[in-house]
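Next come two complexes built around subunit A: one with subunit B, the other with subunit C.
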Partner chain A sequence: MGALTCYGWALAFLLVGALVTFFAGLRTRRLGGLALMFAIPGCGLALLAAVSVFLRGTVSTDPLFTVPGIGAVLLVRLDPLSAFFLAIISVVCFLAILYSYRYMDIPWFADLSLAGYYAPFLLFTCATMTVVGMVDMFFFFIAWEFMTLSSYALVIFDRKRKERLRAGFKYFLIMHIATGLMFLGALVIYSFGKSFTFDGLRVTLQAMMETHPATVHFALICFFLGFATKAGVLPFGDWLPDAYPAAPSPAAAAFSGTMSKLGVYGLVRVFYEILPASNYSRTYGLVIALFGTLSIFVGTMTAMMQEDSKRLLSFHVIGQVGYMLLGVGLGVYFLPKEPNLALVALAAGLFHLLNNAIYKSSLFLNAGSIFYKAGTRNLNEIGGLSRLMPVTAATAVVASLSIAGIPPFNGFSSKWLLYECSVFGGARMPIFMGLGIIAIFISAVTLASFLKFFGASFFGKFRIPQAQAAKGDVPASMQVPQLVLSGLCVFLGLAPLLPLRLLYTSLLDIRPQLGVAGFAELFSGSVSSIRLSFGDGVVATWNPAWIALALLGFCLLAWGIMRSGGASRRTVPSWYCGEPHSDHETHFPAHGFYQPFKQFFRVRIGKYEWEGVYLSFKYPSIRLREDNWLTRLVSVDRWFFYPVVRGFYRLLVWFSGSHVGIPHVYLTWAIVGVLAAIALVFSLH
Partner chain B sequence: MDASVLILLLLPVIGAIGAGVSRNRRVADGVAVLSVGIPLVVASSLAMRVASEPTTRVAITLPWLQSLKVPGLFGYLLDPLAILLLTVVELLGFLVVVYSTRYMGRGNREHPTDEGKPRHHFWMLLFIASMTGVAISPNLLQLYVFWEMTTVCSWALISHYRNEASLQAGFKAVLMTVFGGLFFAVALVILFVNTGSFDFAALDRLTPQLRSLVFLFLLVAAWAKSAQVPFYTWLPDAMEAPTTVSMYLHAAAMVKAGVFLIARLAIANYHLAFRSGLLVAIMAVVTMLVGVYMFFFQDDLKRLLAYSTITHLAYVLFGLGLGILGSQTGLLGGLLHIVNHAMGKAVLFLCVGAISYTTGLRSITELRGLSYRAPLVSIAFFIGMLTITGVPPFAGFWSKFFLLSGAINLGGTVGWFLLVPFFLEAIVAFAWFLRVGHHVFFGEVSPAASAAKDPPLAMSLALIVLSIMCLIAPVMGLPIINLIRF
Partner chain C sequence: MSQNVLLGVINVLLVLLLSPLLEGTIRKLKAFVHSRVGPPLYQPYLDLLKLLGKEEVECEGNALYRWSPVVAFAAVLGVALLTPMGLAPPLDSAGEVIVFVYLITLSGVAVMASGIGSGSPYGVVGSGREMMLILTVEPILAIALIAVAVKAGSMKLSDIVAYQLSHPYSLSMLLVTFSLFLAVLAQLAKLPFDIVEAETEIMEGPFVEQSGPRLALFKWSFYAKELIFASLLVTIFFPWPRIGTPALAILVNLVKVAIMLLLVGVIDSVNPRLRIDQAIRFYGALIFVAFAGLAFAIVGS
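Up next is the complex of A and B:
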């Protein structure tokens, strides 16, 4: 089977699956199995399609359908970059659906029909997969908006709770505006070149650059705003910390693993593929990198203050997407002048995207597992869960270390590449050096924040708000996705060259005419080591396998010392200097972490308050009184029609007064009439 | 072809009389459904055969006008535009009659009576027949005749419940639309005196000044009919009508006649002045803004929908204005929006009807959490809402996209001047409808809404069909519209 056939069938399976689960949901709540029955072939075939594209190269269809009246053509093309995202989507979405199988049984959702969950989920998977296959802006946006629609349905799944509705509303509205802007941008370019395909848009842009610079800027700004909003880049991503926690955990995992990544995908498509390398690239590269760094800083710093597990992770989504944008921005900036550096930076950004998709999904699933067992997302109310759920704890530690960028896990490899790029980019454009330093500093903040997440939930004294929790870890169907994802974290950490080769070649594949060095020239080394060069000599190396071996060796050494000393483990109650203390007094909740830091950053000016460095304010609720001048003005009835009709009526009443019933009055009227007529006739002649 | 047209025109009239005089409610229902069902089939078969070459036949002339060598006055014109409106009129007519068989019954908690049912059917079927006449009119004169017939029918239907408010609303509607109709009549006279013809294309034969004048007069008529600023005030008041009537009045008939007139003129005449197009487009934008502003004060779902209709007819006129200004894409968008809005608005009205059928209420503040009690209605409502607010892949998106595209193609100061308020209006309307949808359908179930449930089969059926149409309307509409030759 060809890649396109697989892709087509995958979409068909998911679409039909959505319909079937929807209608089955009218009768039953046991939909997980049914959804899996469609998700397995759907995601499997999509993965197959992706692998086939990796092996055999780009495939595309002939135009399937043309919209009459406008030049939009339905074209499907799977190039390696699409395949890369397709692979991520199929794996993450499948694991999330598998996870949902048991997760959705929790009593929290007992009064909700699961048709409202599985059907949109399958639709969402289908829509995200469709997005990466489109090469025509028009259909790209249709799939895009369809993705928004289905994800909105997931956000408001739990629709009895007010704050979730509010989050869903905010999400959908902001997305609608963003997509509207992107449509506007595409239309503006289209009006010059009469084509919506990526290739056509590139040709048009090339021609417009000289003649209509303002229009090009307008279109690019629209695209940037649209995609940045989806990716959750601050300040446009303000919806994200509300919407992600509102969705059920597996859905949030799928959002963070796929949807927010597609924002970056769109940026790469527009600013790398469509925009010809020019001065515009430099401007927008810088813009992207700056907003990315802003997100890194603000998102992560704010995450550190959170006490709700999913909200904490949501802020990290914002922070992490900043790293990707830093890479993409560097890449776009250096595209005209330093293509080697540019491609490495882009590949680094996308590599970070891949890593992030894995560990962030894993973390959301971990948060879901905690919720499953403990029934709360509040980190203050839980503790010591590692004893209850060792597997979840182990996967959570792997994912936490990955996101914090601790070697040898995958997060480090990509961050390392990003740092290298920003340092070497900084040599040419100093500002990138500054951005790189911020990124490095924030990496430490990430670690701090995950110490809190992990420490508060898994270490310390065992406590959960529910009266009792079932013994043992979460069910196997929930363990497997977490294990797979953390396995991937370790694997990609140890073998970074594999995905990098894939990414680099797929980026080259899109823009073959750039004239950059081949993969082997820039990334030498074996599977598990990178020797990085930007075209003139190796500038840095990173060898995760050695680090891992060293770490392992030290662990063994410590263990050996312990064994040889014959130390025995003792379990005793904590010693409080002999004074009696209640559990409550000695518990160190999430709230207690980083207190001085929080106090330092708490700012309040008037009604605006900063949550850390994050400006959080209530959207002003405008209360319009109905009786204002504008309403009065537009009520034409009130000041025009009613008075006129009333006046006319009064005139008639007055005129009917002439009906007096006295003959000679009528005679007078007749004479007056005749005289008037005669006067009229004479005056006319 | 002649026979088909006769069926289209006469069967509803015969059915109207049959349903009107029958004493048995069930017989009345049966007759009514049948006498719109058959025309629907006929109209669909006509739609299949439609080609870009219009079929015209003028059958009847008036003897006293023969000396003036007028070729003929009454007949039919079946071109893509006529077919477009015809299919909407017949499809929605059929669905609304099916729906009303249950809605106008004792099960309705808002108006628990089936007393006026034959009367309702009588006027409704006449309404459908008059709209059919509007759609197939070959010239302005016949259009005018059927145009005023729709006014009469709408007057009777708006005042259906015969209480103070509805009588007043009906009177207001008639007064304002007939006032507009006077302008139509004057325009006809000017046109006939100067060209000796009532053809749609006759405007081209006038001198530029007169052409603009006649166009302006016809535009005033269309504004009054289509409830545009400054004549929009009758439409929200007309919500006193039974919901079935409101739905038909908004989605297919009456208000659509006004925009249809302008569409006819825009397509048939090549030399409409730039200022005419600008006037159409600017007033459309003003209407949009006024309409969307009035959203904020509505608590009655039906009144909200009424203001939404006002803005959406402004969309159509906006597209037609763009077309007159020279953007063909905009014109396409305007025409397509006739169909798309019809489907979206119809489903919304029928949903509100279903809600008031089971709860007796239409108040946004009192209704909450309906999605738990009436899932079908809520899904249909959201589909309708997403359709008219233009979220892909639903129908409204396509026409909105065409309109946006048209404005951008037009380019220059005028294009952007028109585009920006249009874009803003679209966003605000989306936000407000989403808010209302959240308010009414989500959250804890309010006591008022606890009685809600999905409506009986006849009503559900209409909802389901229309929900599907909300998805596929452009697939059916676009090929027809693309046959129109400009």
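Up next is the complex of A and C:
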């Protein structure tokens, strides 16, 4: 079966699944099972399609459908880059749906119909998969819009709280402004070249760059704004910390694993594939890298201040997307002059994207597991959960160390490449050195933030707001996705060359004429070891397998030394200087972490407060005063309806004065009336 | 390959066996400054031996708390494999300066896991301080090492040492050495930056619930860190003279390390402890010195 057949069937399964789950009328777990029955073949076939593309190369269909008049063609093409995203989407979405099977069972969602959850979820999966297969901007936007709408349905699914509806509205509004901008950009280019396909746009741009520089800039800015907003890059990603926590945890995991990443996908498509290497690339590479670093800094610093687990993770989505943009920006910037460095940077950014999709989904699922057991997202109210849920605790620690970039987990490998690229890029353009240093600093902030996350929730004294939680860890169907994801964290950490080779070849596949060195020359290593060179000599080395082996050996040595004295062991309660203290008194809540450090980043001026470095203020609510002219103009009641009604009423009151109750008066009125009528008739003739 | 293994064994043995002796020297020096006689030079060995035989009294922490000393010890020994100690760094083909920085952070993570995992408020406070110190010191470490790497045109420590050997001192190196030296003080938990343990204040912070062999591992890893950081500083910033004989090279390196650590000891014994916010402010200012060094390195002076 060819890749396209698999892809088509996958989309069909998911689409039909969305319809069936919507109308099935089943409740709770049964509906989850039904959704899984469609998700398993759908995601499995999509993964198969991706693997087939990796093995056999790009596949594309003939035009399936043409929109008459505008010349947009429905054309599916799966190149290795699409396949890369397709693989991520299929794995993450499948694991999230599997996780939902039991997660959506909690009493919190009991009075909501799950059809409103599974149907949009399957539609969302289908739409994201469709987005990566489209090579025509027109149909790309249609798929994109389906993705936005279905994710909107997921954001507002839990509509018991008003702020979630508000978050959903904000999401809806900002997304549509962004999509509108992107479409505007595409239309502007279309108006010159009459083609919506990526190749057509590329040819048009090439021709326009000489003749219409301002128009090209306008279109590119539109594209940048649109995709950056979807990716959650600050300051355009302000919707993200509201919308992601509002969605149920598995949905948030799928969003952060796939939807945010598609923003980066769009940027790569536009600025790497469509935009020819030129001075424009340099400008926009710098812009992308700068906005990326802004997101890294502001997003992560703000995340450190958060005490709500999902909000904390959402700010990290912003921060981590910044790392990817740093890589993509570096790549786009150096594309015209230093293609070797450019491709390594692009591959590093996309490798970070892959890693981030894995550990960030895992973390959202971990937060969901905490909610499942403890019934709260507030990190101040929980503690010591590792005793209750050891598997979740272990996976959360692995994912946290990965996101913090601690070797030998996967986050380190990609961050390491990004640092190398920014250092060696910085030697050619010093500003990138500064951006790289900020990225290194923020990596430590990420560690701090996740130390707080898992320290407050899993370590310390056992503490849970619900009166009593059920014994044992979360159910197996919730453990498996977390275990798979943290297993991937370890595996990709130890074998970074595997995905890097795929990414490098898929990037080369898009732009074969760049004239860069082959993979073996730049990365020259086996499965595990990277020996990085940018053309002249090995400049950096990283071999996770050896380091991991050495660490393991030293762990054994340390254990041997520890046991060498034959010391006996005794477990005692914690020691509080000899005084008895209750658990409540010795609890160290998440709020207390890093207070002195946080003080350096907290500013308040009037009603504007910088939460960390993130400006947080209440949006002004529009309320006009009573005597405002606009209010008066708008309230038709006041100046038209009520005066007219009152006048009519007064007229009636006055007229009712004639109702005196004396027969002679009525008779007189009648005679007068007849006379008047006769006079009228005669005067008319 | 076999040569690398030999180098690795030499480095690990050096670190394991000689670091307590250096610690003993520092203690002797501190005693001299305080006008005391002080413990004998071999006292740290006795401390470790005694702790290894003592009963382990552990609180009801989780697995990470129990395994943290092992991880800290292993991470520090892993760093020892990346550090040049008179000879070439043994695992040069497996990691360079950024790996170095992050493996050191891994040992910091283990210290913090010990504090937070114990559930004692003293431990959590100590861990929080450790994290804040890492937040401020790690960038300086990274900037300093990157500045040297930029000059050498390679991130590999062997290339950096080779470059430094053949090039004279420059302004950027002066700034970088200064900032790196001060950053190392915090990494080694020496006064005035002995804020994490602060025995008189929070009772050794992260180690409050560690005892017996596990405390011994932590202490040993700290002694080892002293040797490693001092070695890194002197081989990168004072690599002269070039010595051909391996045994002599190791010996000369050790002498330089001892001198460096004596300087650290003097600073340690004449300074009071800073508060954590003062330390953050101090390093916040120092980071600009490091940045200046990096800027000079980029422009090539």
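Assume the second predicted complex is superposed on the first by the 615 of 685 C-alpha atoms of A that agree within 3 Å, B and C clash if a C-alpha of one lies under 4 Å from a C-alpha of the other, contacts with A are read in each partner's own complex, and residues count from 1 in each chain.
Methods note: a contact is a pair of C-beta atoms (placed from the backbone, for glycine too) under 8 Å apart; a residue touches a chain by one contact, two chains touch by 3 or more.
Remember, it's a predicted structure, so these values are computed and weren't measured experimentally.
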> If you stack the two complexes on chain A, which partner ends up touching A:557: first (subunit B), second (subunit C), both, or neither?
Replying inline: second
>> Taking the superposition on A as described, I'd like to know which of subunit B and subunit C A:184 touches: first, second, both or neither.
In response: first
> Comparing subunit C with subunit B, which touches more residues belonging to subunit A?
Replying inline: C
>> For A:405, using the defined touch cut-off, is the partner it touches subunit B, subunit C, both, or neither? Pick first, second, both or neither.
In response: second
> Counting only touches as set out at the top, which of subunit B and subunit C does A:165 meet: first, second, both, neither?
Replying inline: first
> Within the complex, which stretch of subunit A touches subunit C?
Replying inline: 384, 386-387, 390, 393, 397, 401, 405-407, 412, 416, 419-420, 423, 426-427, 430, 433, 436-437, 440-441, 444-445, 447-448, 451, 455, 458-461, 529, 531, 537-543, 546-547, 550-555, 557-559, 561-577, 586, 588, 592-594, 596-597, 599-600
>> Touching residues of subunit B toward subunit A in the complex: what are they?
In response: 175-176, 229-233, 290, 293-294, 296-297, 329, 332, 369, 371, 375, 386, 391-393, 397, 401-402, 404-405, 408-409, 411, 423, 426-427, 430-431, 434-435, 438, 442-444, 478-479, 481-482
>> For a test of understanding, state which residues of subunit A touch subunit B in their complex under the given definition.
In response: 67-70, 113, 141-142, 145-146, 149, 156, 159-160, 162, 165, 168-169, 172-173, 176-177, 180, 183-184, 187-188, 190-191, 624, 626, 630-631, 634-637, 640-641, 645
>> Quick check: in the complex, which residue numbers of subunit C touch subunit A?
In response: 49, 52-65, 69-71, 73-75, 77-78, 81, 91-96, 98-99, 101-103, 105-106, 109, 112-113, 116-121, 124-125, 127-128, 131-132, 134-135, 138-139, 142-143, 146, 149-150, 153-156, 159, 203, 208-209, 212-214, 216-217, 220, 275-277, 280, 284, 291, 294-295, 298
